[in-house]
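Listed after this line are the structures, all set down as C-alpha cells.
Next, two complexes with chain A in common: one pairs it with chain B, the other with chain C.
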Partner chain A sequence: MSSFDSSLSRRILRMRILVTGLAVVVAFLLGSALVALAGINPLTALRYLFSGALGTRHGIGETLTRFIPLFLATLSFAIAMKVHFYNVGIEGQIALGSLGALLVGVYVTGLPAPIHILLCLTASVVFGILWLSVAGFLRFRFGANELLTTVMLNYIAIYLIDILVETVLKDPNSLINQSQKIAATAKLPRIMEGTTVHLGLVFAAIVGFIVYYYVWRTPGGFELRAVGANSKAAKYAGINPAKLIIIGMIISGGLAGLGGGLNLLGYQSRWVSGTFLGYGFDGIGAAVMGQYHPLGMAFSALLFAIIRVGGGAMQRSVGVPYPLVHALQGIVIIAVIISAYFIEKRTEKMTKGGQ
Partner chain B sequence: MKKKIISLLLVAMFLVSLVGCAGAEEPAEEPAVEENVEEPAVEPIKVGVIFTGSIGDGAWNESGYNALVKAKEDLGIEFSFQESVPVAESGEVMRNFAYEGYDLIIAHDFNYNDIVSEVAPEFPDVLFTVSYGYQSTEDNIAAITSSGWHASYMAGVLAAAVSETEIVGVLSATDSFMGKRMRTGFVNGAKSVNPDIEVLEAFTGSWDDVVKGKELVNGMIQQGIDVILSNSGNVNFGVIETAKEAGIMAIGAPSDLSSVAPDTVIASAVTPSGIYVDYGIRQLAEDNFDGGVYVLGIKEGAEDLIWNPAFEAEFSAEVIDTVNAAKLQLSNGEIEEPVVE
Partner chain C sequence: MDSQFMIIIGILLGSTIRYTVPILYAALGGLITEKAGVLNFALEGLMLAGAFFAYYGNLVTGSILVGVLCALAAGALTGLILSISILKYKASQLVMGIGINIFYLGLTGYFFRIIGSSGAETMVDDLLGSIHIPLLEDIPLIGVLFEQNILVYLLVVLVIFTARFFNKTTIGLNLKAVGENPYAAAAVGVDVIKNRTLAIVVGSMLAALGGGVMTLTMARVFLENMVNGRGWIAFTAIILGRYSSKGVLIGCLVFGAATALSDIVQIVGIDIPYQAALMVPYIITIVALVLSVGGGNAPAALGARYDRE
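Up next is the complex of A and B:
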C-alpha cells in the first residue's frame, strides 16, 4: 500500500512539474510573440535574456544578488499561505526590514562586524514582523481582510521610508535625497570576486533549508500544514488554529524583513528616496510558480531573477522596451496561476483513480 | 482529449506566428550589414545611456533620447540604452555597459551622480557623463549641468515687458537652492525691464500637488498678477488652468507647454535635456573629452525661451526686441548670476 502511495505521489509530483514547466514555456512563447510584435527577433532577444543573466561572471553575480531577496519573499508568502493567511504585503515588510537594517547599520557604531551584522538583521526581522502584525491585529480585532490591509500597508511602508530618508535620515553631505551609507562593520561581505554576490546568499540557503525542515519534518510544521489544509479538522484534533496562524504570520513577516535586511546590508548599503524594489510583488508570483515548496521556489525565484537581469541585457542589446520585460514576467505569473488550476483538477482525478 | 488538441493547436499557432515574425525581421537586418561593409575602417563610438523613466515621457528623458537619435545621424555613433533604472540598481547597469565595451556611459539624471563617482574609478578607460550632474571626482567623469536661471531670467524679462498691472508671479515646486535660483533669475529678469515691478514668489513643496498650486496662484491673482511663470512639474497643468480661468497670461517650464492652452501660455522657458547628452558625445567625437563640471546656458542651447507662435505674432516689436536683447546679453555673459540666500 505504501509503495503504491509513494508511486502515486511521485506521479503527481511529476505531473505538477511538467504542467508548471509547460506553463512557463507557453508564457515565454507568448512573451516572444509580444517581442516580435515590437519588431524584434524574439530568438535573439531570448538569447540575450539568458546570456545577459547567466553568460558572464558579472551577470551571474547580479542574478544571484537579486535572487536573495526574491527567494526570501517566496518563503515568506508560502509560509503564510500554509495557514491561509494571504500576505500580499511582503513588499512593505521588505521595505521595513530594510529600514531596520539601515537604522542599526548607520546609527549604531563601534561594534565588531559579525555582531553588528546580526544586530542589523535582528532589527530587520523585528521590523518585518511588526509591520505584518499591524495587518494581523486588524484581522483578529476587527476581522479586516488581510488581502486589503497588507496591500495598503505596502504603500504606507514605502512612502514612510521615503519621507524619513528625505528628512531625518537624509545624508547631510548629499545633494540628493538619500540616507547615509551603513557602517563598514554592518556590510555583508562579498563572496564572489568581481561581483555583487554577498554572504546573504548563504543566509538565504540556510533559511530555505530551515523552513523546509520545519514545515515538512517537525510536528509543529505538521500542525501548521494541518491548519492550512482543514482548520476545522485541525481544531478537532486539538490544534489551536489562531495560535498557528499567528506563528505563520510571525515567520512570514520575519522572513520578508530578513530579505530586505540582507539586500540592504549586502547590496544597497543605503536607501535612496524613490526606490521601489518590487521583490515582494515578484515573490508572490514566484511562490505560486514554485508551488510553495522551498526547492520549487528556489527555481522560480532564480527564473524571476534571470528575467530581471536579462531584461536589462535584452534592452541594451536589441532594444526590447522595458515594459515588455515586465509584461513577460506578468505572463509567466498568469500562465502559472492558470496551470495551478489544472494541476488541482488533475491531482483530484489521479487521487480518485487510485482509490 | 479535445482540450489537448486545442491547446496543441494554440501552441502550434504561436510557433508559426513566431517563425513568421522572425522571418519578416530578417530583411530589415540586411542593410545594416551592408553599411558595415562600406565603412569597415571606422569604429563607431559606442554610447550607453541610462534613463530614470521612459523614453516616451514627453519631457526630460524623451529629449535626451531624441538627442541620441540625432547624434547617430549626425556623428554616426552607435547607442543603446536602458530605461526606468532605479538609482539603487544603476551601478550594475553602468558596469554592464562598461563590460560590454561601451566608450561613453551617459547617466541621464543628476540622481545618478554619486553612483557614477563610485563606478567610474573601476573603469578608467570608459568615459562617463552625468546629465545635470553636480560633481566630477575622476578624470573620466564629466558632470554637465546648466546655469539653472538663464531661461527663467528671460521669462522674467518677457513677463515684465507684457505686464499691465506691473505685478507678476513665479511658482517653483521646491524651495531648494535650485528652486530659489530659478525664481531669483525670474525676479532679476523682470526688474531689469521694469525696476518698479512687483514679483510674487511661491513654491508648492511638491511636483504633483495640483490643488495647492492652483490655490497659490489664485492668491497671487487676487493680489493683481497678470503673468505667471510656473516651473513645477505636473502642478504646471493646474496653474495654467487657473490662469486660463482668470484670463491672465502664463509662461510654462521646463518644456514647451504652448499646446496645453494656446490662448493662455505665451511662451515657455525651456531647458531641453538633450543638450547634456549631445555635449558629452560631441566632446568625445572631437577627441576633446575632459573630466570636470560643465555649466551650459543659453549660448549652448541648454536653456531658451520658446514663443507660442500666436503670441509672438501678436506682441509688439518692442516686446520681442526686449526679449531678444536679453538673450544676447545672457549669451555674452553680461548678466550677473543671481544671488541666492
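Up next is the complex of A and C:
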C-alpha cells in the first residue's frame, strides 16, 4: 500500500513539475512575441538572455548574487502565507534590513570581521521584524488589513531611507546622495573568484534548509501549517492561532530583513539615494510560482534571477528595453497560477483513478 | 481675508480635484468589481495600462477621444483576462492582481522605451479643454470647481449614477446579489459568472480610465511607474468608504486633499525633504485604515472562490 502511495505521489509530483514547466515555456513564448514587437529577433534575444545569465562565469556569478535576496524574499512571503498573514511589504522590510546592516557596518568599528558581520546581520533581522511589526501591531490592535498597510509601508520605507541617506547618513566626501561604504570588517567575503558571489549564498542555503526543516519536520512547524490550513480546527486541537501568526510574522520579517542585510554586506556596500531593489515584489511572484515550497521556490527564485541578469544582457547586446523583465515575470506568474488549475484537476483524476 | 489666502485656497481646491479624479475613477471601478464579490487587486496595473495607452493613442492620432478609447480598451481586455483566470481557472484574486501589476509595470515601461519618446516633443499637446459653467465659475473661493474638463464632470455623474445603479436597477441588484451570496443568487436564476465578468470588465475599464486621466489631463506625458501606489490608495478608499459610492467619493477626496496640502507645503517653502511630502498620502492611508476599522459593510462573499455545483 505504502509503496503504491509513494509511486502515485511521485507521479503527481512529476506531473506538477511538467505542467508548471510548460506554463513557463508558454510565458517565454509570449515574452518572445513582445520582443518581436520591438523589431528584434526573439531567438537572438533569448540566446543573449540565457548566455548573459548562465553562459559565462561572470554571468553565473551575477545570477547567483541576485538569487540570494530573491530566495529569502520567497521564504519570507511563504512563511507569512502559511499563517494567512499577507505580507506584501517585503520590499520595505528588505530596505529596512539593508539600513540596519548599513548603520552597524558603517558606524560600528574596531570589531573582528566575523563578529562585525554577525552584528550587522542581527541588526538587519531586527530592523526587518520591527518594520513588519508596525503592520502586525496595526492588525492586532486595530484590525487594520495588513495587506494594505504593508503596501503603504513599502513606499514609506523607501522614502525614509532616501531622506536619511540624503541628510544624516550622507557621505560627506561624495558629491552624490549616498551613504558611506561599510567597513572592510563588515563585508561578506566573495566565495567564487572573478565573480560577485558572496558568502550570503551559503547563509541563504542554510536558512532555506532550516525553514524547510522547521515548517515540515517539527511539531512547531506542523502547528504553523495547521493554523494556515484551518484555524478553527487548529483551535480545537489546542493551538493558539494568534501566537502562531505572530511567530510566522516574526520569521517572515526577519527573513526579509536578512535578505536586505546579506545583499548590502555582500554586494551593494552602501545605499545610494533612489535605489529601488525590487526583490520584494519579484520574491512574491517567485514564491507563488514555487508553490510556497522551499525547493520549488529555490528554482523559481533562480529563474527570476536569470531573467533579471539576462534582461540586462539583452538590453546591452540587442537593445531590448530592460522593463521587459517585469513584463515577462508578470506573464510567468499569471501562466503558472492558471496552470495550477490544470494541476488540481489532473491530481484529482490521478488520485481517483488509483483507488 | 487677504487675497493671497484666497489664491492659496483656490490652488488647494484645484489640485485637490486634480489628485482626486484619477483615484476616484479607479476606486469606483474597484467598488463595482467588489460589489459583485471579486477583489480587484490589479487597480495599480490597470491605472498604469490606462495611463500609457491613453497617452499612446493620443500621440499617434492626436485625438484625446482616441486616447480615452485606448485606455478603455486596455481596461476591458485586462478585465476579460482577469475574469477568465479568476472565474474559470479559479486563480487567486491576490496573485492575479500581483501578476497584472508587475506585468503592466514592465509592459508600459517597455513600450514607452520602444516608441522612443521622452520629453516635451511628445507631450499631449491639446490639453482636454476645461468647460466653464457660467456664473458658478465666478463664485469666489469655489469658482474653480466649475471650470473643470469633461472627464471631471463625467465622474460626478458616475458617482451619482453608481449609487442609484446598485439600489434601483436590475443589473445593479443582480451584481449585489452575486456579491452577497452567489449560491443563493444562482438558485434563483442569476448567472453568477456572467454578472461577475460584467463587473470585472466594467470596473477594470474605469480603473484604466483613471490612469488615462493622469496622462491626458495632468502630466500630459507618460512616465514609467507614474501611478506610484495610487491604485492601492484607491483600493483602500473603497474600504474607507464602506463600499458605498458616496463614501468612496469622500475617501478619495481626503487623499486628494492630503496630497494637495503636501504640495502646498513645498511650494510655500517650508524646508522639509521632498520625500517627506511624498510620504504623506501613504501615511494618511494607514491612519485612515486604522480609523475606519469596525464598520466593514463588505459584501458577504467578497474574495471567496465560487465553484458551480
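The criterion applied here is as follows: the second predicted complex is superposed on the first by the 332 of 355 C-alpha atoms of A that agree within 3 Å, B and C clash if a C-alpha of one lies under 4 Å from a C-alpha of the other, contacts with A are read in each partner's own complex, and residues count from 1 in each chain.
In this text, a contact is a pair of C-beta atoms (placed from the backbone, for glycine too) under 8 Å apart; a residue touches a chain by one contact, two chains touch by 3 or more.
Keep in mind the model is a prediction, meaning the values are calculated, not measured.
*Asks:* When the two structures are overlaid on chain A, which partner does A:294 contact: first (chain B), second (chain C), both, or neither?
*Replies:* Neither partner.
*Asks:* Pick one for A:317: touches chain B only (first), chain C only (second), both, or neither.
*Replies:* After superposition on chain A, A:317 lies in contact with chain B alone.
*Asks:* Have a look at where A:37 lands relative to chain B and chain C in the superposition and call it first, second, both or neither.
*Replies:* both
*Asks:* With both complexes superposed on chain A, which partner does A:92 reach: first (chain B), second (chain C), both or neither?
*Replies:* neither
*Asks:* Quick check on the superposed pair: does A:259 touch chain B, chain C, both, or neither? Answer first, second, both or neither.
*Replies:* neither
*Asks:* Report for A:62: first if it touches chain B alone, second if chain C alone, otherwise both or neither.
*Replies:* first
*Asks:* I'd like to know which partner A:196 touches here: chain B for first, chain C for second, both or neither.
*Replies:* It touches chain B, and chain C stays clear.
*Asks:* Once the two structures are superposed, pull the chain A residues common to the chain B and chain C interfaces.
*Replies:* Correct list for chain A: 37, 321-323.
*Asks:* Contact residues on chain A for chain B in the complex?
*Replies:* Contact set of chain A toward chain B: 26, 29-30, 32-33, 36-37, 39-43, 52, 56, 58-59, 62, 174-176, 178, 196, 268, 271-272, 274-277, 312-313, 315-317, 319, 321-323.
*Asks:* Inside the complex, what are the residues of chain C that reach chain A?
*Replies:* Its residues touching chain A are 81, 85, 89-92, 94-96, 98-110, 112-114, 224, 228-229, 232, 235-236, 239, 273, 275-276, 278-279, 282-283, 285-286, 289-290, 293-294.
*Asks:* Show which residues of chain B lie in contact with chain A when the two form their complex.
*Replies:* My answer: residues 11, 14-15, 17-18, 21-22, 25-26, 28-29, 48, 54, 80-88, 92-93, 95-97, 99-100, 110-111, 113-114, 134.
*Asks:* Considering the complex alone, what residue numbers of chain A touch chain C?
*Replies:* Contact set of chain A toward chain C: 34, 37-38, 86, 88, 138, 142-145, 147-149, 151-153, 155-156, 159-160, 162-163, 166-167, 281-282, 284-285, 288, 321-331, 333-334, 337-338, 340-341, 344.
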